[in-house]
Each structure stands twice: as structure tokens, then as C-alpha cells.
């Protein structure tokens, strides 16, 4: 159990001794000007990143067998460098499996995952189309897939980039999608919601999230659109008498959900449900990115009448936090 | 009062005599091969267009004083040409003002305009922001503007291109927008709904709809974004103590609602409400265009497994009517 | 057996009587100006298309039960209309299955398909990678797939748009690819050739070629890149111990073979073999399109120093037939 | 009155004592490695920027109450860091209003503003169109607007980015425009010149230039095209009997002057005067940017046969100073 | 000598007999429905195009030996077809060389070519740079080149598409350029004017204008930028001691004058003179295209408040004739 | 003769004394914090770059007369700075001409240039077209041009950026091109190979390679496409009776070889040989760039399953070294 987080260090005085568990994000051998070897580490937990220096790697209190991706327990003191805090490490050992809680070490959703999962299950339960209900029930009965689906981030960095981000994104979409399906009579509700649930399922294998969020090699070469559509196609193949029309439509929604060829969808949306899906997916990703950016501005102490930094997923646009600006001076 | 519509003619035999009121969409002087002058007319009503021929323009039963844009009463017989029906016109006179019902002559919304208007009024009544409520109330108190707003089409041809289309589009957006505002805490509901109501208000002067739907010269040179933003800016100027911040935000939403510079918005959305507005506006326009295209395919007797024609506002994409295809064979 | 082809009609005098087998490409009910019904047919064979008119559809010598896509035997006379030849049809009946030779009725490759197939088999036999050899052997052992692969066109209209076109395109690529693989040491020959063989295999289900070349509905919604990659992935899944690395690489080549996202590849080439594949595929398609256009110009009697018409797959560019121009005046 | 400028420091020896007035462009609290707080300032005047360090912020000779945007008098010594000069500050106080001359502190036009203004007035006086003359005279009678128009930069950074830059740009355009209007009979001279004068008038509120050149929040959200067109529309509204046609044309020129939708013009030029305006505006901005870049190369001692740095407003192109290169070796 | 022009025919009655000289723009053999051969001709003169029919090509009064590109004398009568006038031709013979005046048969400049030429010569005479003066004098001393330069159109269809159009365009540019060179001190006047004179000189071989305006085969394959730059490079090579720097600069201006790579310039403007040249060239071409379109609208009787047709060289934009619209109702 | 190379330094201990010849790539005067002048040099040889410091430029053992581009002999000691090796220089003098071997100092091809040249000559000898053979023989008889052609890099940085790179690229293309010409009957082999040999010949004057690889000023302003086409056009002009058709075709291939206007080709490929040339040129450049990147990854010790860095000429794509990855674990 971790009780000191990287974000806490800002308030430490130089020289304060402390210990904690960290994820090793990078490990490099370096030499000082006087030609002595030292270790430079990048340590992470769910609140941020911290540089750590081991000035005497030969010290018996420093483990030799740890690598990038391992969780370690480090003891040392805070030291200031160039206005940032570093850690001077005196002792370091690998953590025991029972000491590790991954949600301490990587950013994760602030939502209750069990609650999100219940929402997902209840949406599926509400389906009137028995085949789509069967498909989703069967898929999520596979416990390994369901576990990954609950844990995966929704992206490597742009939006919902945290453990549980994929599920959080899907639940947000389902709430939006239910309203939209009710609004437009030409939309088949169950089909749209199926697409919203499954569109990014390939991310469970496109990304890995053991030590930071990175692409798998398979993910780089094949992409989550292919991985997801094959995963779902196989599940449908295994269901007896799954209607071929539904199969084509579900796959089409996964293939087309990026909405534009240049965003990596091999097909453009050609059914109303696919079009609605691509709009909602894009809107939700952008709204989440804006929310994160607004939170960051508040944390950084920016005044309410200053634009945010450039937001990557909005073409480097800068935004204004409307509510905060309107309320300014009222509190 | 019109009782025979252009769409009825498909079922007429050649030579059937009939009369009806029409809008004159075009009028041309032509000559036959044997050098005799005749009139070629394009007549319209809310169900379509019909070519009409006056072979003897000198006949005293043919009025001399009508022009493009006038409503006329014509009597004559159905005649077939190249598999299409034409009208051979024997008598023609200008309609009396009291004989004219514009909604017979141009396509109009199938919704009850009074009902749509009540919805609009009740949304405004639900606002908690007093300034935005004041703005909208005052604007729609101006009876001429309110009348135009109830009558205007939402576009010249792409989507909601019918009388009342603008209001119908706005009401659809308000229903969507209410859900979206409830879903995302960072959105200011009243501000978003204000943007949804006002974003296209400049269309009341960009377009004219006396004889078909066309751009005014002012509309061509200035565009509805400028016209609308000036119209709303003036209204805000007249309200005592209207908050300058709100003024900037409302104008920003009108200016940025096309979402992209290349679509004629001089500013990109820089507040969450403007981003949501541009998404919803685009989605609703496309859903309406798809609905119209699906209706057309059914009217044209296309089979359920055939793609639609190329839809202009979806980059010439062809679509599949999911619900119809899935239900095929079930009825 | 067909002995008169549409291309022969140019030399017929008006009124010449003849009969032949045709594919019915379209069938429409129409009415004359005097309100009498007649049939307008579009007939096709491998040499072109011909309009046919049945002025008396009630005649007992005219079959009632034929539809678009059927093969019929028609008897009638040549008639000229607007400088084109038409057929005035007096008798018409459905063809017997044993009377039909599809290669008479649709354009097909001028190569010997059996010979092309032998080349394909011998290339696979030359592989030193046992897994890739196993994959291809197994795939083409499936007789239905092999038959479709031998028969499919390579495209709906742009290049190799004829029966056997896919196989002809693949063999051309294999000859090119063998040279390129020998030239660049960084290329894995068997992997590259596997990609060249399989890249378009999804076309066997994206297209149908019973009555002209058209997209299947599945093809329109999913595309040959998805269809092909799933088809190949399943085949690899069934092979015991197929190496996962090879599986990823083969799929990557299929997914990326269009070379650009905007051409519908969900991934860009990220291995040398995929890059070479996308270059060779593009080059071969364009060279074939040019060859067809040059042939067309010769058939149309264009002089050697005149540019061709605008070639669609070369961005509407016009070309010059170098060899013909250089030889002009030498013969 | 300022007598020492930042550009003078290059010639100072280390340790030289001096004092001067500066604009505070940025102010940051920092800590040394030994954890002592110090102030890091960015100081500016019309000749450039200078880093200043206050190593003892508690010293009573150092004012506590100054902020970014203030003008201060600082006393200290030159010190070299990383080949650049810094200022070690020993004393610092806010400047008195009567000590401040803004043109010392921000870059300003090298032209005589009064002379530029006389030119503007005389061009307006030369108009034969009484309504346009009335419009411009009235606008510039508003003394606050006239003052801002004389002082505003033409841009934040790309071209004419200095006090008086807007007016300098406009006068340059008027001289060009007079020639062009005389050359093309289809151009209405007064209308073109009106457009040249007013096209960027919205910059007076889009930008602020108290402490460096920055966008106002209103400017970021609405843009100078909207701000300017509304400002001019209101002025026209107030003139009795201003011709509606002229009003539309003047507004169209402001709205379309960027010449392309992707540059933020909501309308493309649709009248000859608007087209000419967009060409001249673009040409003049680029010629000015080139002139500045050439001056910079000469100041930096670049040889005449070396290309300039990459010029932002010419898509990062590098240029050659033709005249200088041709004259090289001749002097 | 031609006294009847195609434009005159609109006022002829059907059956009116007349004769005149025409350029044969196209000649086709056709057959009537009753299988009789006839000739369909496209005839042209400087005022337009006219279809001509020879119903009895065997008649001894109809010459057999004429081809596309020949000038013929035709006699026959006016006949109306589909609201357009045609000519029914009874006699036709090749014109004698002494009967032909090419300026009657192709559209030509309305300016006095001799006068334009004098302006060109006097501009060159005003040069202070002896080398550039030498270059231009020598080039235009070559009488064949000078003759072609006086006769060439400036383009195939977009702007100045008439005999003498190139020279007319150049003179217009020189007048503009002289003003611009005087305005910007960084411009070398003689260099800019040299560029304006020579930028399109390759058109004398890219185009041919014997029978309509068409690309030569060399022009299609090499383009006027290459042809012109080689032509000028050779001329400079022949001048003793022509300064290499000037040579590079002059060639750079020709190569870069289209201003964008995608418009076929292999280099972007990298000197101020080249930048100014590309602006002026583009502006003058567009102003001329607008002038032509405005003239066409007046000829076609369009009202002053109607937009023009879509102008190709302005991206299909429609324009408003400002002066005409403002004067409407005043005359 | 050079015996110590920059790449060797990684293995040196700090303080090791050594001397060697270097090319001076940059030379700067700087001052220390204590205001003492020193020299900062960038030294290069074929294996890389090295920073050198002369702390006492006044020392008589340090030459005063060397500049950027000179070859010098430097003596000093290795010193480590920020994990990179530097050279502390004690003595430095200009190299004698007879001490300089340029291939030691700049990266050069690893192929045998004489062997490459023999291949080129034998390809030309194999031509059956006497005119093209004559053209190439004559061109390469010009010994200065032939020498430059053997020495030039193929590019400044993207691919084959080393001495002899142009020739190496051409030989690679000829081998590919021979196969492609044999494969497609519509290709004229000699014409294609002529294009492959000559397409980049302008690089001999666009680039200079005395001190690093840089653009000449002429190269920047005119480009190798223009320079090369003029060089070849002149050579053809000098050959008696060179066929004009061939001349146009050869020039067209040079002008169009970049394949796209936006890549600086003023013409798109309009003959089959030009199209094939642009494909092969692009493929070979990319394959070489990939090979270099793969080599770099191996040198840098990257694991086989890690993607390369972003490759500039493949739009910043990252690649996987297929062969290495497949062989991983097998060795």
C-alpha cells in the first residue's frame, strides 16, 4: 500500500527522507563528468512522474535485477534541481506481488468501475433484439475479455487515457446514444448501442498498460479497428444462427467508426447508426479532452479569463472555460 | 384552395382535362420549328414541378401580365412527353390574393408550426439565466422576425429545405441539446440552447422563399453568419445592462457554428457550448438528409437491399436503410 | 455457342436479320407517345452493349419470365438510331443452361487461365518458408475459393475489369515482385510474394460478376480489405502452430496495401514488404489502365500524335503512346 | 525619457552599471539550488528583450508592487550568461506616469504618424462618392477610434507588428490601390479605397498593445473581421439615408478581405474591388515581412549570397535579397 | 474580306440566303435515319461558332478537299434548330490565301497591336540595367519570335484567350509593375519588368492558334515554363559576358511565376521580384476574366442585380458587377 | 592519410591524446563566463561529427587562417561533456593538398565506384536505339560532367546522401528498370533507362559537397529539374540530327520524374516510361532510406521488436525490420 504520492513532493523540504512504491518507466546507465557511473530512473505513479538518481549503483542496498516496467520500493531524500524535485535514492528493491496495487501506479478512472459495469450490463439487458443481446452477453461472459474491457484505457494519450477509460467512455456514449436513438425514428436503438459498446473493443489488444500506456507491436501493425472487428466477427461466428445481416451491420459500425478514411476507418459510415456512432464518439472524446484541459488549467492556477493551452485533439485550438469565466467574481 | 396536385398527375390518362393553382417558377418565350412562338412554363406546387406549354399565347383566355414568382390558375389537359407528364394549357389567369395559400405551393414542414412554436417558447421559459431569457423573449416579440422565423426554410436545398424547416430544425436541436447539456457538467445549458435557437437566424434574410428557395443578393454577399450575428448583436445592444461576457459568448457561437473555417465560419468553436452546437447542428442536418433520401427511395420503389442515390451532404455517399433492410421479409 | 457479337453490328446494314445470346443488363417497361407499352432492354456480351426494343411485348414469341441478369436468345433486325445500332427484337427466350458460356457474355482475360494458375502454383512451390507455403496451399485447396479466385475481376471498372482479371493481375505482380525481392536484400521474398497473392483476395466476395460487375452489399459495407484479411486470418487460425509473427505480418500487408489512409487502408505500410507491395500494386494497375486506353485509341482510329482521353485512375490525365508515336511513319 | 536601450548592451563590458526604463513582459518567482528565492524578469523596450535577475527580492530598494505590464525603472549591472547579456538588478521602482513614453517601450513605426494621417485624410478628401466620404469622415471624427487607429499594430507578429503598423499598412495600400484603380476601368476607386482603409479596422479591438502585442479575449473569440464589420455597420446605420447597396458592398469587402475561407473570411471576394483588396493586402503584408527579414539578415551580418531564415508568412520559405546580392562587390 | 459574321445570324429570318468565309473547326461524316450520308461541320469566326449541314456531299458545288483547320467560303441559308441557328450549306469551296484575314476568323485583341508593341519597346528603352536591356532587345530582334509574341493568345481558354492576348496581358502587367516597383524600394524595377515581359514567352510554342486555340504536343509534354526558360536561357548564353547572377534571377522568375507548386511552377518565388510577379500575373488574369464575364452578362441581357455565371478561374465563384449595379436606376 | 576516425572515439578514455585530419563544418568565436574568447569548432569525417574546443586561440600552434570548409590536422585530447565526447585541441594547422582524401572526410558509397561506372557504361552499350546511345555516350565523354556524376550524392539528406550516392541510386534503378521494361511490352526499354540515368543529373550543380552536403545558390533558385533538363537539352542540340520526338520525350521524363506537381515537377508523367520512372525512383529512394534506418537501429542497439524512429521520407512513419524480427531467437 502506497501512502506517499509523487504529487505530494511539491510540499516537501529539500532533504526530507521518504520511501514509496513506484513503477519504473525508464532506466538509464550514465556517467558523471568525472567518469563515475550512476543510474538515472524515471519513476511513476498515478499522480505523475519523478526523476530518481542512484549515485552509487554498486551499493548492496540497491537491487541489481529490476527493469523498466517493474514496480520497486525506493527510499531516499527529496532534492531540488532546476526548480523541479528529484529523488536521491539510497535503497531500492523489487516490490512483492502482494504489495502492488496497479491503480496506485497508473492514472485510473475516478468512477466506480463496478458501478460502470452494472450500467453496461443493464443496458444490454434492456435490448429487445435477442441476437444483439446474445452477442454482447456471450462476449462479456468471456472473463478475460471482460476484465480487460474494464481495465483498458480508451487511448494512449488523447482522451480517457487512464485505467478504466475505455469503459468510462463507453458508458458516457451509451447515455448519449440512448437519447439520440429515442430522438430519431430512423435509428435502430439496439444496433446503435451495440456499436457504441463494441467500437473500440480492439483497444484491449492494441494497447498495453503494464508500464505506462503503449502500443503493442500487433496494435501498431494491425490497429484496433481490425483487431476489434475480427474479435467480434469470431464471436458472432460462434453463435448459432446469428443473422448474417446483423453481422454485416455490426462489423460495418466498427470499421467505419472513425468517420473519415484519413482517420484510419477503411469504410465511411453508410448506415444511420454508424453515422450517429461516429459523431457521438468524436463529441465525447473531445468533451473529455476539454474537461481534462480545464482541470489542468485550474490546477496550474491560470486565471479564468485566460485561454487554455493548445489542445491536441482540437487541432491545437485554445479554449475558454465558459462556466468558470461567467462565474468569475460572483463567488 | 387547391385540390389537384402535381404528384396526382402520374395517375391521369392522357388528355384528361383539369385545372389548378400553380406557382410560376420559370417562363420562357420559344419558337417552334415552323417559327411559331409559344410559351414554355415551369409550374410548381408543394408536391413537385410540371412543365406547361401554351401553344397559342395570343389567345385572349391566356393572361399577358404574369411573371416568374406569380401564382396562376391554369386549365388544360395532361399530355405525355418522353415518359413524363406535361400540361397543355388552354386558359391561364393570375390568382386572386385570397385564392392563394402559400403552403399549397411550396414544400412545407409536415409538423404543426404552432406546436413547434409552443415548444420553442416553453424552452425559453425554462431558462434560469435571466439575460438569455430576456434576449430571446425580446427577439421573438418582434412580430415580423418571429413570423419569418416560423416560415423560413433551413437551407436552399441540402436539408430541411421547406417552409418551416428552420423552426423544425431548431426544435429538433433543442431536444437533442437538452439531453447533451444534462450529460456534460461543463456545459452551460441556457447558453447552449440559446446558440441552438439563434445559430441560423440570419437565414431569414439570406434566403427568400416567395418563388422557390433562393439566395437574396445580400445573402450571397454577406452570408447568414454575418447577418445573424449582427441581428443578434443589435438586439443585445438594446437590452439595458446586458452582460458583455454573455454578449461575446452568444456571438461566438453564431460565428463558429459551421465548425470549420472552410465551411465559412470565421472562427472555430473555442467554448464547449460552441463545439457541442456545431456537432449537433451537423448531425441533425445529416440525419434529416438521410431521412429524406430514404423516403425518396421508398417513393421510387427501390428494393430494401439497394443503396440510396448519392447523398450530396454526405460527400456523395450512398446509404442503406437499416431498419427497412432488417425488416424485409418479416412483414 | 455464340457466333455473332455486338461488336460485329457496326458492319451490318439496316434491316439485317440475326440472332444471338445476350446477357440482360437492364429491362424497362416504357410507353410510346401514343401510349402503347414497349420493352427497352440493355443487352451485353463480352464485346460491348446494345439497346434492344421489343415493340410488342404481348407477342407469344416473346418470353415473359426473363429478368435482369438472365441470359436470353434474341432474334430480330439491326436498326440505326442517332448513329448507333439498335436491335428490333421479334423473338426472345431464356437460354438453356447448356447453351451458356459466361466467357462469351462478359469481358474476360485474354490469357490462358489454366496457364496463369500453373504459374501461381509453381511460385508457391518455390517458397522456402514452410508456413507461408502451407498457408497458400491450404487456401487454394479450398476448391470454391480457388474457383472464385480464378474467375474474379480485379476491379469493378478501373483496371483488369474482366473475368480472370484478379488472377492476371496477381501473376503480373509475382513476376515483378520476384525481381524486386531479388534486388533488395532487406526484403523477405516469400513474405512479399504472399502479400502479392493475397492482397486482393477479398474481391471474391466484394464483387459479383453474374450480370456485369457490381459490388455486393457486403462488399459495399465492409470492403475487400476487411473481407480478405478475415478470410486469411481464419485460414491461418486453422493451421496448427502457424507462427504468430507471420500472421501479424501477412495481415498487415493486406490491411496496408492501398498505401494511403485516404484510399481505404486502415494502416500505412510499416514493413518493407508492405511498402513494396503497395508500389507494385499501384504500378501494375496503372500500367494495365494505360494499356487498355492505348488499345481503345487504336480501335477508335485516333492518330498516333493525339493524346488519349482522360484516364480516370491517373487523375484524368491524358497520355501519349510513346512506342506508337515513335514508330509512326516508320512502317 | 529613456536614454539607454536594450540593443545598446551588446557593446557593454561585463559589470557596467546602468539604469533605464523597461516594460515588464514577464515576472516569475524562482528558487536557487540552495533554495533561496529570486525574481526572474523579462524586460522589454522598443529595441528588444532582456532577462533581468533580482537576487535579493527582499531588499527595500526593490519595489514589491509591480506586475507584468507595468513600466519600471531598474538600476543594475550587465552580466554575461551563455553568450547573452543579462541584467543583475540592484534597485527597481515603478515609473511615474509622466516618465513613460510608450513609443520608447514598444517597437513603433519609423514613419511620421502625423504625416501618415494627413495622407489618409487627403485620400478621403479626394473621394467623389459623397456617401463613402461621409462614412470615413464620420468614423474618424470619433476621436477615440481615430487615436486607436493611429496607434494599433497591423498584426500580432507577422507583419507591421509595431505601434502605428496598421496605419502604415493602410497608407501603403492606398498608394498601391490608387494605381490599380486607375488601371482597371471595372474598379470603383472610392469603393476600393474605402475597403483598403477599413478592412482591418477591427484590429483596434482584436489586439491590445499595452504590454507587448496580444489578442484580447473578445478578439480571440470574435476576430477582427466580425468586430470590424459590426463597427462599420453601426457607423453606416447612423448616417441618414446611407445607400443600402453601398452598405452591403462595404461590408462584403471587410468580410472577404482574407481571400480564402481557410484564412477566416466567411465569404470569398465576389466583387472586383474585394478581389483587388485581398490581393493588395496579401502582397503588402508579404513585402513588409520580406523587408523586415532582409533588415534582420543585415543586422545579423549574414553574407549577401546567403538565403534568409525561414519566413513564416511565406510558408517557411527562404529568400534572397536581390538588390544586395547584385550590388555585392560593386561598392 | 468577310462582311457577314456568325453573331449577325441571330437577326436573320429562317431561309435567308447568305455566304461568308469561315474557319473549319470540326468536320464529321454522319448518316441520316434513312441511311443517307451527310456532313456535319463546326464553323467559326471571331464572333462565335455555327453548325453547318451539307445534306448532299456529292453535289459538285461542294469541295471534297477541305479539312479541319482550313478556311472555306460557304453559301447557304439560315435554319433554326432547337432555338439555335444552323446553316444549310449549298456551296462550299476552299478560300484563296489572299482572301483570308486570320483576325476575322479568330477572336483577337481589341487593342491596337502596333501601339502595344510600341509601349513594350519604350519600356525596354527605359531600362537602366544594360544587360537586361540587351537581353530583351536581342530577343525581340529575332523577327519570328517577335511576330509570334505579337500574335499569341495568353491562354487556351481562361483569360486573354484571343490573338494578341499575350502582348495585351504583358502591357497591362508592365503598367501595374511600374507602379509597384516605384512603391517598394526593395524591388529592382528592371528585373521585375523583365520578368513580367518574359514570364509567359514559352506560350508561343506551347499553344498553336491556326484553327482555334490548342496545345501543341510539345506544349502538353513540356509546358510553357520549361519552353520559355530554355528559350531565354539560350538567348542569355549567346550574349557575351551576360552576368551569371542576372541569368539565375531571370530564370528563377520564369520558373516560379505560377506562385505555387501545384500550379506547375517547379520553384516557389524566392526573390521579391518573383513574388510581386506572381501576384500581378494572377491579379491581371483574374481581372481580365471578370471583365469578360461581365461583358458576357451584358450581351446576354442579364439584369444588373443578378450574379454572373460561375467563373472557372475564380474557383467557380459567381460575381457581381459593382459599377453596373450601383448605376442601375441612375441612367 | 587518416587513421583515427570520429567513430573510434567512443572507446577512448578521457584524456587520451590523438591527432587526425578533419573537415571544418563550422567555426564560431565564443566567450567564457569570465569573458575569455575561445573557438568552438564542428569537425567532421566520413564517420560522423565531433565538437572541438580551442581554449587558447592565440597560441602560436593554432593556425589563424582556416575557415569553414577547410581540411585541418588537429592534435589534442578526448574529453567527455554531457555523455558525449569532445576534443580539446592543442595544435591545429591547414592540411596540405596531398594529405587530403575527400572520401575519408565525407560519407561515401560503400560500393566500388569503378564497378558502378562499368555497369553504367555496359547498360548504355546494350542500347539498340542509336540516338539515345549517342546522347549518353557523348554526355559522359565530357570528363568533368562524368567526374561529377560519379562523385555527387543523390540528395542533401533524405536518401543516398553520400559521395557516389547518385551513381549508386542510378545503378540500382537500372537493374530494377531492366526487369520492368522486360515485363511491360508498352515500355520502350532504352527510353526508360535513359530517363533513369538522366533524371537527377541536375544534382551535380544543385548540390555541392566540398564541406558537407549543401544546396548551391543556383540550385536553390532553379532546382535540379530545370538544371538537368537544360543540361540534357543542350547536349541533344549539339548532336546532329537528333530526332525531335526523342528530344521531347527525354525532356518530359526529366521534368515529370517527381511524379506530382507538389513535389516540384512542372509536368505530370504523360508517357508510360515517365510513369514507371517516377514509381521506381520513389521506391528506390524509400527502400534506401529504410535500409539506412534499419542499420542505424542496429548500431544504436535497439531490440528487434521495437519500431524504428520516425522516417522523414515516409511521412514520419515508424517501421519494423521484418527479417530481423523473424530471425530473432533463431540465431
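Residue numbering begins at 1 within each chain, and the chains themselves are lettered A, B, C, D, E and F in the order written.
In this section, contacts are C-beta pairs under 8 Å (C-beta built on N, C-alpha and C of every residue); 3 or more make two chains touch, one makes a residue touch a chain.
Note that the structure is predicted; figures quoted are calculated from it, not measured.
The chains touching chain B as well as chain D are A, E. Each step here moves to a touching chain, and the least such steps from chain B to chain C number 1. Set against one another, A-C and D-E show the most C-beta pairs in contact at D-E. Relative to chain B, the chain whose mean Cα position lies farthest away is F. Chain centres here are Cα averages; for chain C and chain E they lie 44 Å apart. Inter-chain spacing, taken between the CA centroids of chain C and chain D, is 63 Å. Residues of chain E in contact with at least two other chains: 217, 220-221, 249, 270-271, 307, 318, 320. Pairwise, the chains that touch each other are A-B, A-C, A-D, A-F, B-C, B-D, B-E, C-E, C-F, D-E, D-F, E-F.
By the touch rule above, chain F contacts chain D in their complex via residues 30-31, 33, 35, 217, 220-221.
Per the touch definition, chain C reaches chain F in the complex via residues 172, 175-176, 179-180, 183-184, 186, 188, 191, 245-246, 249, 268-273, 275-276, 279, 282-283, 286-287, 290-291, 294, 307, 314-315, 317-323, 325-326. Touching chain E in their complex are the following residues of chain C: 14, 80-81, 83, 305, 307, 318, 320. In the complex of the two chains, the chain C residues touching chain A come out as 217-218, 220-223, 225-226, 229-230, 233, 248-249, 251-252, 255, 261-267, 270-271.
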